[in-house]
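In this document, chain identifiers A, B, C, D, E and F correspond to the written order of the chains, with residue numbering beginning at 1 in each.
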Amino acid sequence: MRVLLINPNTSEAFTSKIQQIAEKYALPGTQVRTVNPKSGPRSIEGVYDELLSSVPTLEVALADMDCDALVVACYSDHPTIYALREITDKPVLGIAEASMHVACMVGNRFSIVTTNKEWEPLLRDAVRRYGMIERCSSVRSTGMPVLALESASQEDVYRAILSASRQAIETDAAEVICLGCAGMAGLDKRLEAELHIPVVDGVVAALKLLEALGGYGLKTSKLLTYARPKWKTLANLPQRLEQAYDPSSIPGKDAR
Amino acid sequence: MRVLLINPNTSEAFTSKIQQIAEKYALPGTQVRTVNPKSGPRSIEGVYDELLSSVPTLEVALADMDCDALVVACYSDHPTIYALREITDKPVLGIAEASMHVACMVGNRFSIVTTNKEWEPLLRDAVRRYGMIERCSSVRSTGMPVLALESASQEDVYRAILSASRQAIETDAAEVICLGCAGMAGLDKRLEAELHIPVVDGVVAALKLLEALGGYGLKTSKLLTYARPKWKTLANLPQRLEQAYDPSSIPGKDAR
Amino acid sequence: MRVLLINPNTSEAFTSKIQQIAEKYALPGTQVRTVNPKSGPRSIEGVYDELLSSVPTLEVALADMDCDALVVACYSDHPTIYALREITDKPVLGIAEASMHVACMVGNRFSIVTTNKEWEPLLRDAVRRYGMIERCSSVRSTGMPVLALESASQEDVYRAILSASRQAIETDAAEVICLGCAGMAGLDKRLEAELHIPVVDGVVAALKLLEALGGYGLKTSKLLTYARPKWKTLANLPQRLEQAYDPSSIPGKDAR
Amino acid sequence: MRVLLINPNTSEAFTSKIQQIAEKYALPGTQVRTVNPKSGPRSIEGVYDELLSSVPTLEVALADMDCDALVVACYSDHPTIYALREITDKPVLGIAEASMHVACMVGNRFSIVTTNKEWEPLLRDAVRRYGMIERCSSVRSTGMPVLALESASQEDVYRAILSASRQAIETDAAEVICLGCAGMAGLDKRLEAELHIPVVDGVVAALKLLEALGGYGLKTSKLLTYARPKWKTLANLPQRLEQAYDPSSIPGKDAR
Amino acid sequence: MRVLLINPNTSEAFTSKIQQIAEKYALPGTQVRTVNPKSGPRSIEGVYDELLSSVPTLEVALADMDCDALVVACYSDHPTIYALREITDKPVLGIAEASMHVACMVGNRFSIVTTNKEWEPLLRDAVRRYGMIERCSSVRSTGMPVLALESASQEDVYRAILSASRQAIETDAAEVICLGCAGMAGLDKRLEAELHIPVVDGVVAALKLLEALGGYGLKTSKLLTYARPKWKTLANLPQRLEQAYDPSSIPGKDAR
Amino acid sequence: MRVLLINPNTSEAFTSKIQQIAEKYALPGTQVRTVNPKSGPRSIEGVYDELLSSVPTLEVALADMDCDALVVACYSDHPTIYALREITDKPVLGIAEASMHVACMVGNRFSIVTTNKEWEPLLRDAVRRYGMIERCSSVRSTGMPVLALESASQEDVYRAILSASRQAIETDAAEVICLGCAGMAGLDKRLEAELHIPVVDGVVAALKLLEALGGYGLKTSKLLTYARPKWKTLANLPQRLEQAYDPSSIPGKDAR
């Protein structure tokens, strides 16, 4: 099974961290490949950044469709998740929703610990959209912006997440912690050892869930919500984007 | 007051229809200006199309920021609405949410009548996101795709909407009908005369609500959800898009 | 356009304040007229007071139906709003719901700051009824009863509202503040300048929204919820109240 | 224990029917007394009628406060229920909410069968307000207006309710039927025998629940929502209504 | 009327306390009988304990079916409540749901005060299941485990409940307190006198509500959710349990 | 990794079918072992049956705790799932919740197709409890009871499920079908080929999700909801059940 992980920002440091972690957890038969677009924002901290990253991310995906499943490795309700589900029936997961599904399997209520405060309402709205608001004890932030995860000392980052997690446990009755940024990848097991409750990294969660779907042979439903987009004229956009309207151009596509 | 209406698809026929209707309903002191991007899809029928239209729509908006309020004239939860709210404090409304607010003021429960069936779950999710699901009696579709609104006989389009509206009234207890596509603009008053309940066109709704906000002097809150995006490196994207990170580049901007 | 604002309590000081503010924000073509009943309670602080004010308010409205739209200027889910929608198809708005619609257009989540603590559950239930509970960050009170807004020093009133608003922002993540009492009218712009987020006065919100509905030519749906009341014997009640059962007696009424 | 049942409309036929049924089900130690106002509407079919009946109903209640518990015998979310809870700590129940509580004790989901179609949205909103929407399978109407319950043949009324109940069972999966009008009182046991599921009359439900509360010695909480109304000037209203602001004037009142 | 109260744990001290309280509040015509299984756990503090107590509780009930109504006297969503509703049409109430219904009749929002912290999420989920989450201000715990209610000084138990109740009132805006453990029975009136708001003991609530249902002649609906279990082979289980599949074996059973 | 699948009914035919399917989908490194209790009901068709099967199921589990993860192979919200989570930190999944998580990953809204009509409200309540009601388009039943899945011709069973699934697709807008009974295992891929949307068997879903959790090294949170049960006297119950109170007796247990 070949899983394509797409980091939708242009930070190659993040990309290689994600690749490393995915390799560590992949099954023997799983090939993981992490890519990022060459154009777009260096980090994603809101909807404007999401939109700047969307077409570059779609182009990267369309160029690399010879895979069996896709991960959008941004901890948000990134709209590219839905667009990818429209253009392929290969399973697609975002790391935020993946982490929440996993959290609901190992605890009753989970909290998300994210970076800057502005993500709190965005992630709360994502939880509601996924229909899991009753299972979410809180969304908390460390106050450290995304790119600080690269520049700050790893120890400081760890302490900030630990402290927000403790508040989630003590004040909000969290039973599981979801790490609310792809850049927090790799800290899960250390936090788990200290907090004594499960800590979920969305990158690993998405990879393992896609392996599960792959092992079962399930594909995205093409009825209604994720129906293939219908052909239409595209003006002044890269040629490759028309490929999405033509199922035969996507490798391994079934005929539906 | 200057209101900029952005048709995010490339159909100039739609653009001029929207301009015509906006002019008809604008207050004497309101200048309306409707634009559309030169690149992107000819119509928007799902999330993939939304994303292809997003950056071109943002570029058009950034080029024309010398206005007081903005309308995103696509009947959906188009992500550009949120991105625009991040980059400016001028009020921004999508025509879907505008029509729903207006519908709630003139009736208890409203139904949306849209084009093709695939829009039903997307619009239902939008209603939930706006928090108005308890006020929504149903989302129904005519089965006619967006572009058929250009090509089909106006009489056929009218009959299809009338028939779906009657089902919404009789089966779902709708008290108000929202026209679920910008391309249906101009049919509201004829439908109203035949259905004997209010029929809301989102383009007019958005224009009138923005005039109301403008008359009150209200601007978008920049706290939390719609905080201005923080500066970051953009790789290989049009220069103009960096403008969003720099408040001073946006005319009439306050300093927050 | 003629907008009738009804202050349902008997405080003429409140009435003239409302008239003043409405005049300030009305469009050139809008005539505003504020009235209050001659009988009933001096202030409205719960459901008992609401009910004492209801028939006097309806009588005042029925005596003054030669208008195009009506505002019920009490910050509550005052039942007279619904009764008026039954007896006329002229648009009717309460100032509480008007402020919430406006708040949702300029921010993601709003808090209401009201007078005495007893209003908190009543307003929370109103928010739920309007279907906007997911958009409401909190309802907070200043502890000052309604009539204190007349007698207390304006500075003290201002400070109390400012302080409750700050708690809503810091503790509840409010992005917009709604002023939860008609008697707070006139403080919005000063608070806005100090809080740096939008502050919404329901009187202005209702007036501007009704101008928007009027400009669009929309009337209240008479299907189902707001159907005209059917004729029945009224025993020992003022003659004028029978008028509500007779559409022809209401000026400017359409024939539905 | 003395239970005061108030029929808020002026139909003495309804009043004596309610008295009859209450007597039939009252415990040996319970004295029931049914009254109706001398002024107000002959039947209640919407919010306008509710408001016309409110002050007369409150006056009747205040004149007869020498009781232990009160029933508002109108199948709706009649605002007088809340006003009475404010002015006394004697338990007060409306017959709609009483029937729903009882229905939830003898089945998982209940349907309400009411009179004319306009009651459907009003009762649905009442169910939501009481927080029982998840337990309500549907609200259906017979199409017969309230007063037809007096004039139509009892057999026709029975058949209409039976038919709507069967639809609720077959189409909506109702497990219990609530009779949605005080005027349907007396038909419950015959319907139950034919439908083979519990049928709940709100008058009996309210009476029996108040006996239960009385037997336990519980009174309405005066904290927050139902706090006693604070004294204020009443202009041109019957003297008796001031009594509500003065706890000492209400017999058997505790000092809170 | 004969009411069977089943204490599903094996503590005879609890059983006799429940009997005492039930006798105190029973109507003259009501015979109460409290039993507990001879096998199973000494106290119930989670789902594992609930399941250990289930079959012994069902056996006790089946041995004593010559009654008119049943109470499951464990403050939880004990699954035996549902199993009993399946095997008989005699009304069955758990003390948790009974207390919540009663609380909703005497206040707008209630808090539950329970024993150890682990009950908080279990009871919150029960409230959601009953559909009353909008009416529940909070679930709080004293930190004292169930059996401490036997061993600790009554004064300490009282103080702990009083303190948690005060927090519920001040922080969560509770208007009514539900005592969240059968072992707290008997403390309600003393707490009520000190807190000045209603305090509800589920044992009394369930008894009085069943008397109300009995007085009305209502039985559990056998349609859908609580349909009688269909006959099937039971391997290696006590003979008596087969009785549940055979309506004729249950005294006083109707033929449905 | 060793996964223990427990069929909680006594049908060995079902048990060996489950084993067969689990073997087919297990990863090379996964050992699956399916067991069923020797005592209890032959099939599970409601809460009474669930409770009869609970202690026997727990005993089987406690006897076989030398595994890494557990499946409760009954398509319901079987309370044993929660009891097992309390007594071990090995991940535990029920097949109903597993199928719903998987369905949400491959489509927007899913329908459940179950056996007899009585399961409809029980499964609807389970969906609500899991917090996924917004993602569930409907619960439908074939009308064939569980044991008919053994006795009826496979072709008839297949046709009945196919027909109910088609109704879910056409009437309820289902995008994914969940097979609502363990006895339907093995029909998924044939249905998928005919319906052209994903069809999810809960047994496979649970197995693959547990492999995913195992591969990530996640265990059940022991904080709050699934805290280990505290020691207490068990009267007249099999000795083995005390083991649950003693972590050291459970193989591979961590020390929390």
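Just so we're on the same page, a residue touches a chain if its C-beta (ideal position, glycine included) is under 8 Å from a C-beta of that chain, and two chains touch if they have at least 3 such contacts.
As the structure is a computational prediction, the values presented were derived from the model and not from experiment.
Trainee: Expressed in ° and rounded to a multiple of 5, what is the rotation angle of the C-alpha superposition of subunit C on subunit F?
Mentor: So the angle, rounded to a multiple of 5, is 180 degrees.
Trainee: Report the chain whose mean Cα position is at the greatest distance from that of subunit D.
Mentor: Max centre-to-centre separation from subunit D belongs to A.
Trainee: List the centre-to-centre spacing of subunit A and subunit B in whole Å, with centres computed as mean CA coordinates.
Mentor: Those two chain centres are 29 Å apart.
Trainee: Whole-Å distance, subunit D centre to subunit F centre, using C-alpha means?
Mentor: 45
Trainee: Of all the residues in subunit F, which ones touch at least 2 other chains?
Mentor: Expected reply: 108-109, 120-121, 125, 128, 134, 173, 175, 224-225.
Trainee: Just spell out which pairs of chains touch, all of them.
Mentor: Here the touching chain pairs work out to A-B, A-C, A-E, A-F, B-C, B-D, B-F, C-D, C-E, D-E, D-F, E-F.
Trainee: Applying the document's contact rule, which stretches of subunit C touch subunit E when the two form their complex?
Mentor: Listed in rising order, the residues of subunit C that touch subunit E are 120-121, 125, 128.
Trainee: Which stretch or stretches of subunit E touch subunit F in the complex?
Mentor: 10, 38-43, 45-52, 54-55, 58, 79-80, 82-83, 86-87, 117-118, 120-122, 125, 128-129, 145, 147, 224-225, 227, 229-230, 232-237, 241, 244
Trainee: Which positions of subunit D touch subunit F when the two form their complex?
Mentor: Touch residues, subunit D against subunit F: 108-109, 134, 173, 175.
Trainee: Which part of subunit F faces subunit A closely enough to touch in the complex?
Mentor: 25, 27, 91, 93, 97, 101-102, 104-109, 130-135, 169, 173, 175-176, 189, 196-198, 200, 204-205, 208-209, 211-213, 215-226, 256
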